[in-house]
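Down below are the structures I want you to see.
Consider the two complexes below, in which subunit A is the common component and subunit B and subunit C are the respective partners.
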Partner chain A sequence: MQNILPQLVLWLPLLGFLFCAASGLVIKDPKVQKKAVSLIAPGVVLLAFVFALAVLFQTHARTLVPLIPGTPLLEPWFTRYGGLRVDFNLVLDPLSLLMALIITGVGGLIHVYAAGYMAEDKEVSRFFTYFNLFVFMMLLLVLGDNFLLMFVGWEGVGTCSYLLISFWFTDEANAKAGNKAFIVNRVGDLGFALGMMAVWSVFGTLSFFTRDGRGVMDLAAHARVLDLAGNPVPAGMITLICLLLLVGALGKSAQIPLFVWLPDAMAGPTPVSALIHAATMVTAGVVMLTRCSWLYVHSVTALQTVAWVGAITALLGALMALTQTDIKKVLAYSTISQLGYMFLACGVGDFSDGMFHVVTHAFFKGLLFLGAGAVIHSMLGQQDMRRMGGLKKLLPATWGVMIVATYSIAGFPLLSGFWSKDAILESASRACFGGGPVLYLIGLVTAFITAFYMNRLMWKTFYTDARFVNGQLPELHHSNEEHEHHEEAAHGKVTNAPASMMQPLYILALLALGFGWFAGPYGPAGGNLLKNFLAPSVAPLSLAGLQPQPELFPKLAGYLISSLAALGGLGLAAWLYRQHMATGELTTDAVKDSSVFNRLLRSNFGFDAVYNMVFFRAGGMLADRVLWHGLEEDVLNGTATGAAALIGRLSLAARKMQTGNARNYALVMLAGMVTLVLGLLVRVMQH
Partner chain B sequence: MTNAQSMQAILPVITLLITGMVVLLGDAFLPFWRRSGVASGSLSLLGIVIAAGFALDRLSHQPTHSLAFHGALSLGRFTQACTLLLLLLAGLAVLLAVTYLENRRLNRGEYYTLVLFATSGAILMAAANDLIVLFIAVEMLSVALYVLAGFARSEPRSEEAALKYFLLGAFAAGFLLYGIALIYGGAAISGLGGTTNLALLHLRQGSVPGFMTVAGLALVLVGLGFKAALVPFHMWAPDVYEGSPTSVTGFMAVVVKVGAFAALMRLFIAFAPAAAYWLPAIQIIAVLTMVTGNLLAVTQTNVKRMLAYSSVAHAGYLLIAVAAAATPAAQPLALQAMVFYLAAYGLMTLGAFAVLAWLSHRDADCQTLSDLRGLVRTDPAAAWLMVIFMLSLGGIPPTMGFIGKWYLFTAALQSHQLWLAITLALVSMVAVFYYLRVVWTLCFEEGSGISVSRNTLAPAGVQISLYVAALLSLLGGIAPIVWQPLMLAARSLGRMP
Partner chain C sequence: MLPVSYYLILSALLFTIGAVGVLIKKNPIQTFMCIELMLNAVNLTFIALGRYFGQMNGQMYVIFSLAVAAAEVSVGLGIIVAIFRTRESIVVDDANLMKS
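Coming up: the complex of A and B.
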């Protein structure tokens, strides 16, 4: 019985997907179909959430220690192709359960929201088909008990992400954004695949955990790592595996240098940005790092790489968010930056606080996106903050939830983001491989910038004077359907989002407010609820004999400094924008364009330009001149045509032998017989 | 095995022979019977199903003793696998014939009798453990086929085919018999006591066989090679395939091949200890056959002729399995690969001929590429079925032809005959050209091919046959595991006394 619940969690969204995909065949009336899909698709995810909760309470009584080994579904899944044996097993441990709760919980709320958001779209069933499939794939990613299942989920969410980014594919920019996301992720996925192969060749298995303790993570959970045959695994191989897997994580979690796809991915509908490109899929890299924490703690090099990549990404992401004018792009760069924090946490070996930030980030970033979506929805598709302003009066409810989320992500004292971010900063300052103070400083500066750009977003959108009237009407809605609702509202009047869209926001706002305290160090039941809950799934640094450095300053001082950074950033933004209420701009466009720093930020530090140059121009040239015109047309095509002509001529010549006369045939047979007999006799004679 | 047990084990053949005689008598004495082929056809089908039941029953009982009739026949699991395959193909051929004969007004009851007798001959070829019995089985098959080839008595082409087949077949039978005699003599000289029984022709590993034995082996190879259409004993194939009625061609192309290769396999595995002497010959013939068959098929415009050369080429592929079986370690895989490929080849070739038969009617026999032009528009079902069979023949996934080739390929590699594997891959590329040309003609060429008319009395027969063949070919490509029982059965010759 206890095995059925987690399976239900996994299979329900798949059922939803199948229903949505087939709904057009079953239900002929498009209106009924739309209604059924908008009910069923969120329904299955919420139901899955209920089952996930049931699993939590069911297992909580027995405490989740030690790991509950995989639930065999199909055993074996692959059998022995060259000795490779992979079972379709699920692993149910605190990590996967936590992620399942987030995916189905936050995912369910966003599904409800999306039902309202997409109500005017023609292709609601297509949207929910992809959306439910995404939830299933994401669950498979976190619940799979081996690298291959994880990879299936990994590729599955990538596919859904691609499909949803370019959901409104009639607009070429959207289609291109989808392609970009997909192609950039290929690089990461190649790294993941290579890492998987390295794991297979080193350990001889792909399972994470098995009942008899012969999974990769079981094997790595010792001071000395042995492979299946009992030979010690060289430290260099572990580092190699970790770095290859890291490449996969960099792609999926949009870290430097593979972050370029995420800002463009905002082309998709806003619920997609909220669920896939903020709350769940992009955190897959962090989940994978945490799942493989047992390997990572054995390699200081890998940990160091993760930490520095994370820190630099956090800083650069925050800087790039400073100059964005598209409300969703600000949030996209902010997501990159926050993911950097999570990587930083994993890199310094504090995996559980990385996951803590994953959770709180899912709440406040999901909320921010949904709030931004409500704004965009009300502004009939307008995403440019330069055309907003003064929305506080018109959208008080949206403003209310957005302010909670903003303060939470900025690290306003005692809100969710404060607890998780501060935990990461503290661990970073004590990095076991040294360099702690620098990492801490980067994190702190990032926190300050985060507070600044988030409040900038709030001021531009809600406080400053309205800039969308006076002839600057919001452009029409993005969707491929023009609705009469838009026509009448297009007179510069802002409409409120429907209630079904607002309810999920209130729930998320509550969580963004209080979850950090609940799960953090001063929460109920002695504090550190999440950390203790996750403890069995996460490798301790001490496993490989690593020790964090002593604290730089007492805990309370740390809290104080973080609070000051957050308040400083928020306050600075408020103070600056208060002086420019009319335009909502701190300087004129001319000043902006003349500033090198500004241009650098707006061009993503040149990453896109370099990629364009190297892969697009140079790669295109190589493909066109050398591979196509040179190799393909001249060499390969020439050879093939020549060979084909030769075969044709030979065939015609050989055809002449076929005279149609039986006596000729007999003669050929006789000749063949004589040659055969003589040949064999000669061979016998030679011996 | 005692005689009673032997009789029980040979029940499939007995069933077929009795059914054949009943069909003949019914056709001679019951006038209502003669009016359509349905009665004879269904009775034959019934006989085939019962025979298959006996074979299945024997296979499921896992016979430990395989030698029957004092060693004359080997009725182990390999034989049962071949028997089942032959019965399946014969059943499909009977179904196809019901429609085709009706369409072409060739409806005469003895057709089914001859088909049943020929199938019995092929089964006995697969079972023969004594070369004399093998000779009788070959003749049993051949004589029936000579008559079948000339079954369209009013057509000169059919007559010509029958005569050519008969003359050259008699020539080949001479070699076969002479070869058997030489082997007998060779065994007598080397002190084994004159025998033609493969079980008694024990060769010690590495021993040098005598001149007579080797010459005999070569002549037997000529005789069987003629039946299997190996180069240079293949020249009859295009003429006979083209001239015979299409239903006969389909039957002949597949059933003879199964019988001949089962016999070749058994013969050369018996002589495996002396592989060093005969293996190069087999390899050369395999390469020659693969290359010649594919090369000549390229320029054919008559589909039946093209399929004849293609069947020559496939004989070359199959010979790879025989060559691989010379290495004891690769023997189970080679046997398995051969039976699987025979099944794949049988289904797709029979299927291709069945499409031609389906499209033929009283006024026109569908034969040439131009008959098939643009068929996808006038008769999509037939066209798509043909596409499936062509892709399978070309070895393109997800069809059985692909898996079959892959098995042969691995068998060649496992026996370290790299060059055979490379040749297989290269000629397969050439082969794709002429198979895809049929697909091209069907789907993309403008103009009208053969006029489609469906005013036949029994269209169901050929349709069932076609769909079963297509389904099994696809299933074999997607889930080869469905053929697992047959292949497991084929893994060893089971020469236990």
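Coming up: the complex of A and C.
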């Protein structure tokens, strides 16, 4: 029984995937098929969530320390292939259980929402086929008990991400965005694969935990790390493994320099952005860092790299979000920035607060995306904030949940985002390798910018005057002067999202409001529920003898400072946009274009341009000039045609011998025979 | 008794005549006769040397050789008939399809 429940959690979404994939064969009537798919696909995920909850309560009632890592699932999977043994084992520890709860819980809500969002799409079953497969792969990623199984899930979610980004593939831009995500992730996945091979060659096993304590993490859970044979592992090798795995995490979690795919990934349907590119898949990197925390604490270099990458990504991501006009792109850059916070937390060794932020982020960012989706749905597909405005009156319910999510992500005191972000800032200020004050300052500035760009989004969308008439930009609309007369018609266009789409939003709003308090330091049952729950899965810094630096200032002062940053950002945005109610723009386009800083932000700090230059231009040149015209045409083709021509020449000469005259052949035969006999005679004479 | 070299010289002469005949004759029947001449020249050496060394092997090979020659002639004549049927000519130089 103990083993069946977690298996059900894993297999149910796979069953849903199989059903959705086969639904077209079983059910002939497309309307019935649509209905069945939009019932079953969310159903299996919610059922999986129920089972995951059951696992949580079952184990909680049984033992105080939640679960023993390493629950074998099936027979050995890759048995002893050249000494490599990989079992199809699931690890059921607090970390994987927490992630399974988020994936099935938030994922289930987003499935319900998607059933409403995609209702008018022709290919609902294809959508839910991919969606359920994604949930299965993500569960495999977090539940797998070895690097290879994690890698299977890792690649699986990447594939589903690709399929869903380019879901509306008839539009070339969407197909290109899918390709970009897939190709950029190749870079990261190469790092992951190399890291996995390094783990195998150093430790001699790929398992995280085993019952007899011979998994990689079991071995690393000592002050001196020994490999399977009992030899000490050099510190440099651990650093190498950690840095290679980090490359994988950078790709999947869209960190600098591999973040460029995430903004483009917004081409997919909004539920996809909510589930894959906000709540779950992009946090896979953080989950992997936390899973490998036992290795990371042994390498200060790796920790430092993670922390600085995270801090810089957080800051740059927030800056880039400032200039976006597409509502989903603001959220995409915001996700990059928030993921930077999580990396920062992991880098300073505070893995459990990194996971805390993963959870709260899943709630408020999922909510933001779903809210943005409701806005887009109501605006009949319009994503440009310049064409929105004044939606508060028209979509009060959506506004209500969006404001909760915005204040939560901005770190408004006592909301979820406040608790997790502040925990990260405090840990960052006490970074064990020094530089804490700088990391803290970067985090604080980022928090301020976050509050600003989120309130900018709210003002542009909900508060400023409506800038659409029948979904048209005012200046494009021929009857712009008669705006007032058309207001009724315009409002008739904006329709509220159906109830099935709104219910998941209310639940997420509740979590975005209260979960931070519940799991945070002043929550029930003595506080720090999440931290204590996660403790068995997360390596303490003291394992490698590292100590956090002393606090910069008392806890309460820290809370006060981050509250001020959040309120300052929110207030500044409100104050500025209140002065530009009509246009919703702080300055004119001409001023924006003349500003170097603005152009720099809009061009992603040139990352895309550099990649274009290096990989498309230079790579294309290399492929065209050197590989194609040089190597293939000249060298390879030249060798092949040259050899053929040589043989042709030779055979032209040889052809002359074939006269077709039988008596000539007889003469040659005779000559050969005479030569032979003469040769024999000479041999005989010599003796 | 004649020395064995006499037989061998005779045989060499016969063989040379046969070989030259094969090369210069255009009529396949004549070519065949020349081949038979070469075969029999060889047979003669077999017998002479068998006698010279006092062994039976030489005579045995001659029997083989005769049998092979008979088979060869029958096959060869069959080919000649077949060629005549398709080309209406048995001149050796006319059958030159192998020419490049």
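Criterion: the second predicted complex is superposed on the first by the 609 of 687 C-alpha atoms of A that agree within 3 Å, B and C clash if a C-alpha of one lies under 4 Å from a C-alpha of the other, contacts with A are read in each partner's own complex, and residues count from 1 in each chain.
Just so we're on the same page, a residue touches a chain if its C-beta (ideal position, glycine included) is under 8 Å from a C-beta of that chain, and two chains touch if they have at least 3 such contacts.
Keep in mind it's a predicted model, so treat the numbers as computed, not measured.
Undergrad: Go through the superposed model and pick first if A:671 touches only subunit B, second if only subunit C, both, or neither.
TA: In the superposition, A:671 contacts subunit B only.
Undergrad: Output check: A:581 vs subunit B and subunit C. Expected answer is one of first, second, both, neither. What do you get?
TA: In the superposed model, A:581 contacts neither subunit B nor subunit C.
Undergrad: After lining up the shared chain so the two structures overlap, which partner does A:39 touch, if you call subunit B first and subunit C second: first, second, both or neither?
TA: It touches nothing on subunit B or subunit C.
Undergrad: Which partner, once the models are overlaid, touches more of subunit A's residues, subunit C or subunit B?
TA: In the superposed model, B touches more residues of subunit A.
Undergrad: Quick one: classify A:684 as touching subunit B (first), subunit C (second), both or neither.
TA: first
Undergrad: Considering only touches as defined above, state whether A:658 meets subunit B (first), subunit C (second), both or neither.
TA: both
Undergrad: Taking the stated contact definition, name every residue in subunit A that is touched by subunit B in one complex and by subunit C in the other, in rising order.
TA: 655, 658, 660, 662, 666
Undergrad: Would you tell me which residues of subunit A are touching subunit C in their complex?
TA: By the definition above, subunit A touches subunit C via 655-656, 658-663, 666-667, 670.
Undergrad: Along subunit C, where are the residues that touch subunit A in the complex?
TA: 19, 22-24, 26, 92-93, 95-100
Undergrad: Can you name the residues of subunit B that touch subunit A in the complex?
TA: Listed in rising order, the residues are 163-164, 167-168, 171-172, 175, 208-211, 214-215, 217-219, 221-222, 226, 231-233, 235-236, 238-239, 276-278, 280-281, 285, 292, 295-299, 430, 433.
Undergrad: Over in the complex, which subunit A residues touch subunit B? Could you list them?
TA: Of all residues in subunit A, those touching subunit B are 644, 647-648, 650-652, 654-655, 657-658, 660, 662, 664-666, 668-669, 671-673, 676-677, 679-681, 683-684, 687.
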